[in-house]
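One chain, subunit A, appears in both complexes that follow, with subunit B as partner in the first and subunit C in the second.
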Partner chain A sequence: MAVMRVNPTRMELTRLKNRLQVAVRGHKLLKDKRDEMMRRFIDLIKRNKELRERVEQKLTLAFKDFLMARAVMSSEVLEEAIMFPTRKVEIKPSIGNIMGVTVPVIEYKEVTDRELSPYPYSFAATSAELDGAIAAFSDILPLMVELAQIEKTCQMLADEIEKTRRRVNALEYVVIPQLKETIRYITMKLDENERGNRTRLMKVKDMLEKKDATI
Partner chain B sequence: MCMYKMGVIGDKDSILGFKALGLSVFPVTQPEQAARLIHRLAKENYAVLFITEPIAKDIQETIDRYSAQPFPIITLIPNNAGSIGLGMKGVKASVEKAVGVDILFGERG
Partner chain C sequence: MMPQPSYEYGVARVRVLETRLLTRERIERMVDAESAEEALKVLSETSYAPLVAELSSPYEYDELLSKEMKRVRDFIDEISPDPAITELFFLKYDFHNLKVLLKHRYLSGQDDELPLARMGTIPVEVLKKAVEDSDSGILPPFMADVVKDIDEICVLKVDPQRIDTMLDRAMYDHIFEVCRRKRNSFALRYFQMQVDLLNLRSLLRAKRLGQGFDFLKEMLIPHGSLSVSFYSRAIEQPYEQLIKEVESTPYGKVVAEGVEDFLRGGTLTAFERLMDDYLLSYVRSVRYNPFGIEAIVGYLLAKENEIKLIRIIMVGKINNLPAEKIRERLRDVYV
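== the complex of A and B ==
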């Protein structure tokens, strides 16, 4: 590992030691963060996969019903039948927080008027297939909203995990070894200087003693 | 209180049924049209947008642009021709991104 370009001084050494301390602490924290995010992510992604499978399967069936409904009715009649829905879907989005990642949270509420039938048309003019399709769609909708929320959460969490992992690796394999190496280099250099100094002093003392003896 | 809305974008034959549930339905035929629509709806308090896979296939970059922010959530759904696996691919992609290897779908290749 390359040694940083620094002056081998005592001040630099103290500075680097402080940096190493911070880096080690940061590394530990980030590693914990990564591990915890990973744990959450695994739970969520399993649910995500399960939900998506279910939604896709059910939706395909519902679309089949709807296709039948379209086939047996003229499209004008069909469009007219569902033009004014009697129910309304209200969602209240807010921002949640998983390990410092902002994730969407959706509160889902179906507003249905109890007086009115959930089907916004008269049964006389429409076919039974349409009723089935609409019922199927309304069954799926809560699942779809949940899927949307979880899938987005997973995406955002995956992004954050990737970033955190990069940081952890950069600290573990680049920053910390580099700092350690540089600290070692400075210590050695300082020690070497110290030794050099000591020999010089001894030499001088020797010379002085010799000079004293001859006089 | 400001109420947020949900929208469905896709081919008309598939998505019309959602209208009966009170969702806003936007039939489109061209991908460019859908991309413009997404940008417009994102500004108009739409919190969740469902897009059918065949339309979403061609406007991936538009969808990716909204992936960094919590809202709007853009979710892919199959259309009436069945799923083409694009939505599942998204799930797989996030697993690979987070874990490094695919741990959920490994058994299927």
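== the complex of A and C ==
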């Protein structure tokens, strides 16, 4: 591990020791943050997987129904039947917070007029195959909104985890060893200076004593 | 020679064309085709050949079908000795257009491409003008009245389902009025059966969706042979009871089989198929009257049925549905 280019002085040593202390503490905190985020992430990803599977399965079925309706009705009639929706949905996006990560929160609210039938067409002109498709699609919408929210949250959390993990690794494998190494280097250097000084002193003392003896 | 609008002439021409309708065997070959292209190839061996040749890909089958329908419509116009009756069979396009235009107006959306049908008895432009300018004076009275009624109701609240059901009713009111006025027992009977079957289907659909009579009431079309009290009872009763009640009517078999299949598979696919088959078989059974409109209407309905068949097959083939899924939905053929 490379030693930082610093002056091997006592002041520098104190500074580095402080930095090391901060780095170690930071590393511990970040590691805790990472672990907690991982825990949350795993919960979310499980829910995400479950939702996605459900939505996809339901969508496939709904599209199948729709396809059948498409087959027995002409495209004009089909389009007319569904051109005027009776169901309205309000979606309110806001911001949530998971471990300091800003995540989307989507509020889903149906504002359907209860007096209107959910089937915006007459039964005489449309095929029965359409009913199933319409019912299935309106079932899926809230799930899809939830899925959108969770999936985005997962993505953002994953990003953040990645960043945190990189920071933890950087601290653990680069910054902290480097600091330790440098501290060791400075201590050695200072010790070496100390020893040099001492030998020099002893030598001078020796010389002085010799001089005294000759007088 | 100019076409003579006489029954003999019309029936004779229709007899020739009947031989060119797709046979069961051809339909089967289309169902068994490997791909949509293959299915089209089968079609190109028939009277559809020139239209198939114009297509650049099988995905444009819709265009082919509407062209063919338009051709049939023009043909019927040309030979019909009694346009007042044959026009009744095209009224649905007018009312479809009215639905589209009215809904479009209440949505106050952009003037994008509307799903309008070009086969009605009144040009689309006229309908458009009437709805856009609220000028119902240029419409025939039976349309003008219902448009006005809808306008009145929709001032307060727009209910798209209401628009549809009101127009459906107005259409059948007019159809029955004309049939009675013209004393055409064939058309009267045909439409009565159609209304009965549609009402029965609405009943089953409402039942399946768990709706009550209040919901069903809106969907029923008057003029049928089954009474309203029958429907109000039937919606509460179990299916077995329903089958028993209609046993004595001409629809006993259709309902019994259709409901059985529904209880087994949960879809009304079979009922819809049986219902179309029933209507077609009625028309088939009366088509040999050489001095009546039956054969001409028969040809028209046969053509409509055929186009439906081709659509089912093409949608199925393009989406790679298994052959038996397509077969479940295949109606009978006329010849």
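Note that in this section the second predicted complex is superposed on the first by the 215 of 215 C-alpha atoms of A that agree within 3 Å, B and C clash if a C-alpha of one lies under 4 Å from a C-alpha of the other, contacts with A are read in each partner's own complex, and residues count from 1 in each chain.
We take it that a contact is a pair of C-beta atoms (placed from the backbone, for glycine too) under 8 Å apart; a residue touches a chain by one contact, two chains touch by 3 or more.
Being a predicted model, the structure only gives us computed values, none of them experimental.
Asker: Since both structures carry subunit A, what do subunit B and subunit C do when superposed there: clash or fit?
Answerer: Superposition result for subunit B and subunit C: fit.
Asker: So in the superposed three-chain picture, is A:E90 touching just subunit B, just subunit C, both, or none of them (first/second/both/neither)?
Answerer: In the superposed model, A:E90 contacts subunit B only, not subunit C.
Asker: Is A:E79 touching anything from subunit B or subunit C once the two structures are fitted on A? First, second, both or neither.
Answerer: It touches subunit B and subunit C both.
Asker: Thinking of the overlay built on chain A, is A:S127 touched by subunit B (first), by subunit C (second), by both, or by neither?
Answerer: The second partner, subunit C, only.
Asker: Could you tell me if A:R70 is touching subunit B, subunit C, both of them or neither one (first, second, both, neither)?
Answerer: A:R70 contacts both subunit B and subunit C.
Asker: In this superposed model, does subunit C or subunit B come into contact with more residues of subunit A?
Answerer: B
Asker: One more residue to check, A:V174. First (subunit B), second (subunit C), both or neither?
Answerer: So A:V174 meets neither subunit B nor subunit C here.
Asker: Subunit B and subunit C, closest CA-CA distance after overlay, in Å?
Answerer: Superposed on chain A, the two chains' closest C-alpha atoms are separated by 6 Å.
Asker: Which parts of subunit A are in contact with subunit B and also with subunit C?
Answerer: 67, 70, 78-79, 83, 85, 119-120
Asker: Help me check something: in the complex, which residues belonging to subunit B touch subunit A?
Answerer: So the residues of subunit B touching subunit A come out as 1, 3-6, 13-14, 16-23, 47-48, 50, 67-68, 70-71, 73, 75, 77-80, 82-83, 87-88, 90-91, 94-95, 97-99, 103-104.
Asker: Across the complex, what residues on subunit A touch subunit C?
Answerer: Residues 67-68, 70-72, 74-81, 83-86, 113, 115-117, 119-125, 127-129, 131-132, 135.
Asker: In the complex formed with subunit A, which residues of subunit C make contact?
Answerer: 62, 65-66, 92, 96, 99-100, 103-104, 106-107, 115-117, 157-161, 163-165, 167-168, 198, 201-202, 204-206, 208-209, 215, 218-219, 221, 267-269, 271-272, 308, 311-312, 315-316, 319, 321, 329
Asker: Which residues, counting only subunit A, touch subunit B once they are in their complex?
Answerer: 38, 41-42, 45-46, 48-49, 52-53, 55-56, 59-60, 62-64, 66-67, 69-70, 78-79, 82-83, 85, 87-93, 95, 102-104, 106, 110-111, 119-120, 133-134, 137-138, 141, 144-145, 147-149, 151-152, 154-159, 161-162
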